[in-house]
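Across the two complexes that follow, chain A remains constant while its partner is chain B and subsequently chain C.
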Partner chain A sequence: MAETMHEDTVFRPKPSLPPPPNTVGVVGWLRKNLFGGPFDSILTIVGGSLIAYFAYTLYLYGIANAVWSAGSYRECLDITRGNGACWAGVSVWMNNYFYGRYPDVEQWRVNLAGVILAVWLAPFWFPKVKAKIATGISAVLTYPFLAAAMLLGGEVGWFLQIMVGIALTAFAAVWLNVAASYAGYGSLRAALMRLSGFENKDERLQKYVLIGAFVVGFVLALLFQATWDLAPVPTVNWGGLFLTLVISGIAISSALPTGVILALGRRSKMPVIRVFCTAFIELFRSVPLITILFMAVTMMPLFLPVEVNLDKLVLVIIAVCIFAAAYMAEIVRGGLQAINKGQYEAAQAMGLNYWKMMTLIIMPQALKLMIPNIVGNFIGLLKDTTLVSIIGLYDILLMAKASGQDTKWLGMHTEPFLFTAAVFFVICFCMSKYSQHLERTIGGGYGRR
Partner chain B sequence: MSLETLDSNGSHIASAISDEVVIELNQVNKWFGEFHVLKDIDLTVYKGERIVICGPSGSGKSTLIRCINRLEEHQQGDIVVNGVTMDTNLKNIDAIRREVGMVFQSFNLFPHLTVLENCTLAPIWVKNMPKAEAEQVAMTLLERVKIPEQALKYPGQLSGGQQQRVAIARSLAMNPNVMLFDEPTSALDPEMISEVLDVMVGLAESGMTMLVVTHEMGFAKRVADRVIFMDQGEIVEQNTPGEFFTNPKSDRTKLFLSQILAH
Partner chain C sequence: MAVLEKGSPRRESRSIVEWLNDERVRSVLYQAIVAIVVVVVARYLFINTSENLQARGMSSGFDFLAGSAGFSIAWTVLPYQAGDTYFHVYLVGIVNTLVVSLVAILFTTLLGFFVGIMRLSKNWLISKMASWYVEILRNTPLLLQILFWFLAVFSLLPSPRQSYGVLDMFFLNNRGFYMPAPVPGDGFDLTMITIVIAIVATYATAVWAKKRQMATGQRFPTFGVGLGIFFGLPALVFLATGAPLTFDFAALKGFNFVGGVSVPPAFCAILLALVIYHSAYMAEAVRAGILSVAHGQTEAAYSLGLRPGMTLRLVIIPQAMRAVVPPMISNWMNVVKNSSLAIAIGYPDLVAVFMQTSLNQSGHAIEIVAMVMLFYMSVSLSISMALNYYNKLVQLKER
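After this line comes the complex of A and B, so read on.
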């Protein structure tokens, strides 16, 4: 008896049981989300019927009753009697929706420029390749000049020539780096040192090898560029989706770096920098984009000396960039404020200086928090650039409008805009999906403390 | 509470104080706006000395140690750390911070980096240590705080006690000659306090100079060479732990001790 009394009670956890049925799986999901109660069920049925009705109408208009080939809008109407879409006109104008008035025979240049950008940035998705930041920076800083020279054609100035030389060298370096990584050298630098026999030499000597390699590449690039013979295509002929992507692409890639600098400036302890950044942000955030565009195109030339004759497109791009940077600055500031004070203190206590603390500790965390806002802003920016149609740039929206004023296709308004909407939807949806993917993968993807 | 647990573990560990001065505070005053948070603080810390600072909340004890690595700026008086005078010169501040490690109440690990990266970041970017060497140092330290198997995890996956031990390893990776602890166990569940205190005891045994703000009186009794009691921005009393706990001089200290040791 004494034995049983003094024996310790052993703690045995109860076994885990499966959850009750009807709460998991398809049935559970339906019950929870669609048929949770009488009111929910009614809403589901009414909402479902409405969606089905609209989808069916759209199907009738866009596919079942639509005309796919016709010579003019009149012919379309004779067949559909107004009950179906006239995709024939859209397909005739398709080329203009994408390239504006860029000459047909020169459109390969636009395509090639796009392909070069894609190939330039592709190493981002190669797991083995390092120096991803350098790849990104080289593309952002030099690709626009290469693209400008390719797309404008004709005689380019000495500045653009030099920049194209640097851009081509950088592009070659990015892909030689990829090649070196997969050939087992680790990086382009390592490969250069191994092949030139400077592997175990002084850092300074190694630097000379790098500089030498760059100069060789640069000279080759210049020689290659001298063989170009491209017909000039002035920017007034640029248009369509291509123009939309040029403006928004430049604005998007410049918005983040300038926004970060403006946001840091606004939080700076130095009064002059803080006041300047705050004033810049507040000024350009309080003015509608269309006003900034008008100011840039009509008033800016008045302030500039007569000899300086800036292209309208350049002015528009500058205006959009400034506008985007001001908005981005506030997003970045919000992200910075979400970072715990303890992170700053821990970084400082370890002896990191301001810039190392920002780039290694604060920004990576803040940027991850900001991804949804940043991409939302980019999507907004892409759509906002359609405003340039108001000041007479033939972007995709103005092209869509123009196609309905073509004598052959007079009155065709709905179809081009539906098509434009679809194009924007595809681009924006891809951006949105990619941002969700980034949120999940960046920074280990584990919850923050 | 932990007074009992640690006392049963062993007696006071041998001190290794030399006569070399590591930290010297001379008539330090600090205000938060109008609030006078530190009043005429004089403090000399010798190499190898282990000091526990206690006192009621708002007494300025955290602010005091945060002034030592310039997380807070003092307005009057001198602070000299390792012979470098703390002033507005960023070079001096960086020189001091390189030699002074700090452990925070809320750990403040970098959530976007793995445990190993947390420990190698400062050696690589502040001391320009090669990555391989930094990782070797970090692994040795993670073994010392008994969590080498967590090296590739992210801080969010660890328990509070494990996180705080990583934070200690991260500070040690810079090979500091002084360690500051700002209430290192206050944010921890009771079951995890002892694993952190064990690491700190081990650090004390290795001869590290330590300033510890804590309410763990058992730790103070076992480890401290000197206990400092602060209230309302002043050092009210300082003494060896034996004298401090058995024979407090000021009535304020007596009241404090009776309150925290009552349960």
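After this line comes the complex of A and C, so read on.
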């Protein structure tokens, strides 16, 4: 027998038994997560049947009994008897949900403007390309003018013409920079110097080359812009998801810079600035957005000179921007407060002045820390933009409501709202998932200590 | 070289540049510039406004508040009739806003706690259900949900004759929701007074029990005894005075219900939408709060010999509340603010009756906007003061 004590006996453990069959695999998972005990099992059965019932009802309503083509809501009702969705109406109105009353033949302009923005910002996701911040700033500062000129059409004033020229030049520069990066020059500036032969020359001369290149680009852009002949589309025809994205896009891109400034002002040591910033933030944070919107359309015209008559859309955008800035300021302030005091002290000990300390040391950390809140705020802004429908701008929500008041589709409310809800859900859900991804990648190391 | 101290007296020899580089001088300069800019802009706006008002032949000032408002309001809590003053309209609007907000806050807190705890369930299906509930509701606009409930649900309810009824006491139809109305009889005041006494007594018991436990370590069944006092005492008085409370039931008469208490469909829609939308946020606050209590706390409590129930009650929840309460209270604030969306479906809240109807009728934009903002700001300020007080109360006392 092996149990007898021998000099050369080595301890050999028996191979370990396999885990009990009901703790691994599908059965194990089910036992652990769904049927852990009698109470758990009841919960699972009740919950499961609820889900099944809900899904089946939704399937019957949305697919099995639904009508996909019909001439009016009456026809739909005759077929479904109220048991199914009338997607026919939604598909007829689909164009309006996305573009409002923007003329059909001009809708390519909206699409093109969207594509340009996407292409402009695309270098953010190219790992090799540098100057990402410059890309972002160029888009935020100049793209709105380009988009305004494209979307409004008609006669373009001299100021807008210049801005469009700058925007087109900036857009070209962003993509030439990408090309230069991938061609091995490193950056657009390096490529320009290499190609023009000023590589090893004085800084001053290099600057002249850059300015010269910019002027050439600008003149070309202006000449190109002069060939445009776009039919005017007044803002009253803007609508649908397009309008929602215009308003929320401007608010989102202006919120971060203004919010940072307000937050710094609120934490400033100068009492006058602190008082003004605090009052601004607290005033606009404590009242509902709808009151700010009402204020914008009823009070703001009184504040302006008698002869100035601002477009309603402009007033609304100003109101939403103010609202967004106040909320963002508090988020940024939260980030600033979360930064260790040692970081401020270390920056000061290095001899950095206030702005250098903020832009190089504090803000990058504070903003990274606050990514989830910032994106959450953006999602909130996108959702809150629907409030403009209350004061009569035809955003996607008011379009959805209007389609149920159309004589042909009278009473069709559920379907447009479900469709709109799905659109918002997809956009917001993607944003929040992307923010979680960002939090893991660039926010890593700051989130949890 | 002389060592330069802060504020060393070398004023006379300083050049302009040196002077401007002094941090204190610059700080004063910046502030002066900001103040001047603000004053100039304010003056500019003021001049514009008075010119505009003159051009439109409008007066300013709060005299209009005493004038009579010639419109009627669909549903009010305070008594109101067309022809009452604008100031009365303001009060009616405030009360309507507060009523819908307070009811919504009550239900949203309960539902939020329920869903938040569901999300933490070990049961995979239950926690997934709760998480999809939260995701769907948080990623669609509130206004959309309000319009959906109003236009696609409450407006399609049957007429009073075919209304849904529960126990012949509660009825739901396209005119609204009907409940029995309590009618206090003689001597009901005594019961009300006893309720107040019972609340004070319960609180006193809790304080005494806590003190005793701190001193002697003996526990006292505060919850049971408190419940007994709170419900038993008023019930005893109520029965002793001969149960002086009857109910006025809503009943179908002709084409509509009469009697009872009723709320319009718009109230139901805004209430349901607010409750459901904010319960998702509340659930997230509850979940985050409970997760914020380190697992070591549970283990430490177990190793001290506390049972799971006691651990939850005495160790986890008190610590979780510190993280749950602040977002919960700011959520309540959001409920109050978002109740202003009632305007979209015609529920007569403050914004609808005052900022829209009254403003359109009287034209006093600045005064009315200021008054409405004042209301929301005072609600917000009082809530944030309460929050600051709470934070100070529960702050970790360390170092």
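Note that the second predicted complex is superposed on the first by the 402 of 449 C-alpha atoms of A that agree within 3 Å, B and C clash if a C-alpha of one lies under 4 Å from a C-alpha of the other, contacts with A are read in each partner's own complex, and residues count from 1 in each chain.
Everything that follows uses one rule, which is that a residue touches a chain if its C-beta (ideal position, glycine included) is under 8 Å from a C-beta of that chain, and two chains touch if they have at least 3 such contacts.
Predicted model, so just to flag it, every value in this text is computed and none were measured.
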item	value
Chain B versus chain C as contact partner of A:276, first or second or both or neither	second
Touched partner set for A:205, first chain B, second chain C, both or neither	neither
First (chain B), second (chain C), both or neither touched by A:216	neither
Partner chain in contact with A:351 - chain B first, chain C second, else both or neither	first
First, second, both or neither for A:195, with chain B first and chain C second	neither
Contacts of A:52 with chain B and chain C, given as first, second, both or neither	neither
Comparison of chain B and chain C by chain A residues contacted	C
Partner chain in contact with A:305 - chain B first, chain C second, else both or neither	second
Common interface positions of chain A, toward chain B and toward chain C	none
Chain A partner contacts - residues on chain B that touch it in the complex	69-71, 90, 94, 97-98, 100-102, 104, 106-112, 114, 121-122, 125-126, 154-157, 163, 170-171, 174
Partner chain C, residues of chain A touching it in the complex	33-34, 36, 40, 43-44, 47-48, 50-51, 269-273, 276, 282-283, 285-288, 290-291, 294-295, 298-299, 301-306, 379, 383-384, 386-387, 389-390, 397, 400-401, 404, 413-414, 417, 420-421, 424-425, 428-429, 432
For the chain C and chain A complex, residues of the former touching the latter	27, 30-32, 34-35, 38, 45, 48-49, 51-53, 55, 121-126, 129, 135-136, 138-145, 147-148, 151-152, 155, 337-338, 340-341, 343-344, 351, 355-356, 359, 365-366, 369, 372-373, 376-377, 379-381
Chain A residues touching chain B - in the complex, by the definition given at the top	340, 342-343, 345-353, 356, 360-361, 364-365, 368, 443-444, 446-449
